[in-house]
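Paired with chain B in one complex and with chain C in the other, chain A is shared by the two complexes that follow.
And then the complex of A and B:
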C-alpha cells in the first residue's frame, strides 16, 4: 500500500519533512516558511561537548525543535511517540500507514541503505516520512533526495533504534488535526522573535553571536594547543556542520534569507526584503570562511598564513549577524 | 549566493543532487540543485581519511597481537566500546575485554554471531581482518586545482 504523498525535494530534512506533511494535510507551504516559523536558525559552539571526539558546533536548533514549534505556532495538533520495543514500534507504524496516514520518523543515518556511502555516519538527528509499505520494503519520502526511496524493514528498524547521541528511540510523529484557520503573521513573528533571542540574548557565551566569537577566539589557539593534524580535523568538522547536506548552503543562512523574503510578504513589511539581502550576504561570508578553511585542510595554504584571516572572517560573521538580528528584532516589535 | 554561483563540482553523493538556496536575477530565492562543492568534498573526505588512518593503526595492533579483530570491525563501523556496547547489549567492560586477542579467541559462537550480525558480516569474516583497510566510501575524484 502506498499513500499518495506529494514528495518535494528540499535542503534540510526536518523542515522539509514538516513542509511536506503540512502540504499533504492541506496547508501548502515552503520549507523556508516552516524553518522560519519553527525558529530553526541558531549558532552554538560547545568546546567541551564532543561528537566523534570533535567539539560540537551547530548552525541550527536541536532536532525535533522545528517540527514541534512550527506546528505549535500554527495551531496544528500533532502526536509524537517514542518506543522501547522495536516490534511494537513497527506495528504502530504499520497500523498508521494502514489507516492512510503518512508518518514522520526520526532515524539514524548510518543504517539507511539509500544514503550515499560517503554520508553514512552515526548521526541520529535525521528525519523522513514513511508513506507506505510494499512487501517487506517501506516506501519513504526523504526530503533531501530527488525521488522517493525504498528501505527494507530491517534497515529502517535499525535506523529507528540507532544508538548513541540523540538516539531516536523509534520516534514517530504525525499530524492529528489541522486548525480551521491559520494566524500566519503571528506565527512568523513568534518564529523570528525566538531566533533573535537565541542569537542575541543568550545567558551563556556559547550560543548566538557570542558563540561565533568564542569559536573565532578558540580557533586561533588550536594550532598551538592541538598540533596540525587535530587542528585540521577540528576545522574540517566546522565546515561539515556548516555545509553538509541539509543546510541549503552557508549554515542555513540562505534558507533563512529565503524565509525573510517570504515573511516580508506575509507581514507586509518591505524592510524585511532588505534584511533578507543582508542575510544572503552573511551566508556568502560563511561560504568564504568554508572556502578558505577547506584550502587550509587541503594544505594549499598554511595554518600560520590563514588562521588570523579565518578568525577575522568569523568575527565579521558575528558582527554582521548582530546587526541583522538587532534590526530584525526592532522590525517585529 | 547567486543562482549561477551554485557549485556543480565533484561530490561524494553518488550522483544524487542536493538542494541549495540561491537568488535569481530578479533577487528572488529559488531552490537550485547542486552536484557538489569541492569545499564539502574536501571536508567529507577528510573525515573518512581519519577513519582509514585509525584502521591502519588497529591493523598494526592486531598484527602485533595487542588487539583482537573485533577492534578493526568496531572502528570500521565508526564505533567505540561505548557505542558497540549500546548496540550489542554487551556490557562495556566486556566489550573492552573482547578487544583482547586471548579473550576474543575463547568467545563462544553465540557472542561472535551477535557481533557479526551487527556488522553485517559472517563469523569467519569477523575473525579475519584484511591486509589493508577495506573501507569503500567513494570513488576517486579527478584532482582539480580550482581552489
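And then the complex of A and C:
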C-alpha cells in the first residue's frame, strides 16, 4: 500500500516535511514560506548544554517548532503522539497508513539505512514522512533525498526509538483537518514577529544577536582554554550546524531571505524585498565566517592568524542582524 | 576529459581546496563531489569552500532551497547548475 504523495527534495528536513505535508493536503507552498511562517530562523549558543560532547549552537528553532507553529498559524488541526511501547507505536503508524494518511515522524539519523554510512551520525531531530508499507518495508518521503526511499520496519523502529539527546520516543504527527480559508498575511506576520522577538528581545544572553556576540567572545578564548584539538572540534561543530549540507553555508539566512521575498508579495510590501536583499548579504557574511572557520579546521590557515578575524566576522553578523530585525519589526507593526 | 566546464571546475576545486595528488583529468564528472566517495577527498567542511569558489569564479550563487545539495552532487551537476544559472541570467553582481 502506497499513498500517492508528491515528494519534493528540500534543503532542511523539518520545513521540507511540513511543506510536503501541506502540499499533499491542498496547500501548495514552498519550503521558505513554511520556514518563515513557522518562525524557523534563530540563533542560540548554550555552552553548558552539550550534544555529542560539544556545546549547542543552533541557527534555527528546536525540532518540532516549525511544524507546530506553521500549522497553528495557518489554522490547521494536527495530531502529535509519542509512545513508550515500540509495538504500539508501529501499530498506530500502520493503522494511519491503512486509512490513507501520510504520517510525519521524528527519528534518529544513525539507524536509517538509506543514509550513506558516512552521514549516519547520532542526531535524533531528523524528520521524514511515512507514505506506505510494502511487505516489511516502509515507504518514506525524506526531503533530504531526491527520490522516495524504503526502510525495513525493524530499522525504522530503532530510528523512532533512538536513545540520547532529543530522543524521539516514537513521535509521529499528522494533519487532521485543513481549514476552509487561510489567513496567509496574518500567519506571515506572526512568523516574522516571532523571529524578530527571538533575535532581539531574549531575556538571556544566549540567544539572538546577544547569543552571536557571546559566541564571538567565548570563541576568542577557546585556543588558550581548550587547546588546539578541542578548539578545532568546537569550531567544526559550529560550522556543521551552520551549513547542515544544503543551506549553502548561510545558517538558514538564505532560506529566510527567500521567505522575505515571498512575504513581500503576500503582504504587498516592497520594503520586504530590500530586507530580503539585506538578509542575503548577512548570509554571505555568515558564509565568510564558515569559509574561514573551515580553513582553520583544515589547517589551511593557523588558529593564531584567524581567531580575531572570526570573532570580528561574528560581531559583524550580530550588528547586521540587529539592524535587519529592527527594520523588519518596524515593517510589521 | 576535454577542457570542458567540468574540467575547469576540477582545476578550480583542486586549487581552492588544496587537493594534492589528484589531476583534473583523473576525475570522472559523474563521481561524488563530497563525501567518502569523493576523488578530491572533500567533506562537508569543504562544501562552503566550493560554494564560494564557484561564486567568485563564475558569479553564480549557490544557496537557495535545495540547490546546494543538488548542485554539489558531482562535477557534472555543478557544471549543469552553473550553465543553467547563466542561461537564466542569475548572475551575482
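Here is the rule we go by: the second predicted complex is superposed on the first by the 329 of 333 C-alpha atoms of A that agree within 3 Å, B and C clash if a C-alpha of one lies under 4 Å from a C-alpha of the other, contacts with A are read in each partner's own complex, and residues count from 1 in each chain.
Here, contacts are C-beta pairs under 8 Å (C-beta built on N, C-alpha and C of every residue); 3 or more make two chains touch, one makes a residue touch a chain.
Everything quoted here is computed from the prediction, not taken from an experiment.
**Q** Should the pairing of chain B and chain C on chain A count as a clash or a fit in the superposition?
**A** clash
**Q** Looking at A:122, would you say it contacts chain B, chain C, both, or neither? Reply first, second, both or neither.
**A** Only chain B is touched by A:122; chain C is not.
**Q** First (chain B), second (chain C), both or neither: which does A:164 touch?
**A** Only chain B; A:164 stays clear of chain C.
**Q** Tell me which partner touches more residues of chain A in the superposed arrangement, chain B or chain C.
**A** Larger number of chain A residues touched: B.
**Q** Answer with first, second, both or neither: which of chain B and chain C does A:9 touch in the superposed model?
**A** both
**Q** Is A:108 touching the first partner chain B, the second partner chain C, both, or neither of them?
**A** Neither partner.
**Q** Under the stated touch criterion, which partner chain does A:291 make contact with: chain B (first), chain C (second), both, or neither?
**A** Both partners.
**Q** Where along chain B is the clash with chain C: 7-15, 97-105 or 115-123?
**A** Clashing stretch: 7-15.
**Q** Name the residues of chain A shared by its contacts with chain B and its contacts with chain C.
**A** On chain A, the overlap between the chain B and chain C contacts is residues 9-11, 32, 116-119, 144, 146, 236, 239-240, 243, 245, 248-250, 254-255, 258, 283, 287, 290-291, 294-295, 297-298, 300.
**Q** Where on chain A is chain C touching in the complex?
**A** Spelled out, the residues of chain A in touch with chain C are 9-11, 30-32, 116-119, 144, 146, 236, 239-240, 243, 245-250, 254-255, 258, 283, 287-288, 290-291, 294-295, 297-298, 300.
**Q** Which of the residues in chain B end up touching chain A in this complex?
**A** 1, 6, 12-14, 16-23, 27-29, 31, 33-34, 37-40, 42-44, 46-48, 50, 77-79, 83, 86-87, 136-138, 147
**Q** Can you tell me which positions in chain C touch chain A when the two form their complex?
**A** The touching residues are 18, 34-36, 44-49, 51-52, 61-70.
**Q** Okay, in this complex, where on chain A does chain B touch?
**A** Per the stated touch rule, the residues are 9-11, 32, 52, 110, 116-119, 121-122, 144-146, 163-164, 167, 232-233, 236-237, 239-240, 243-245, 248-250, 254-255, 257-258, 261, 276-277, 280, 283-284, 287, 290-291, 293-295, 297-298, 300.
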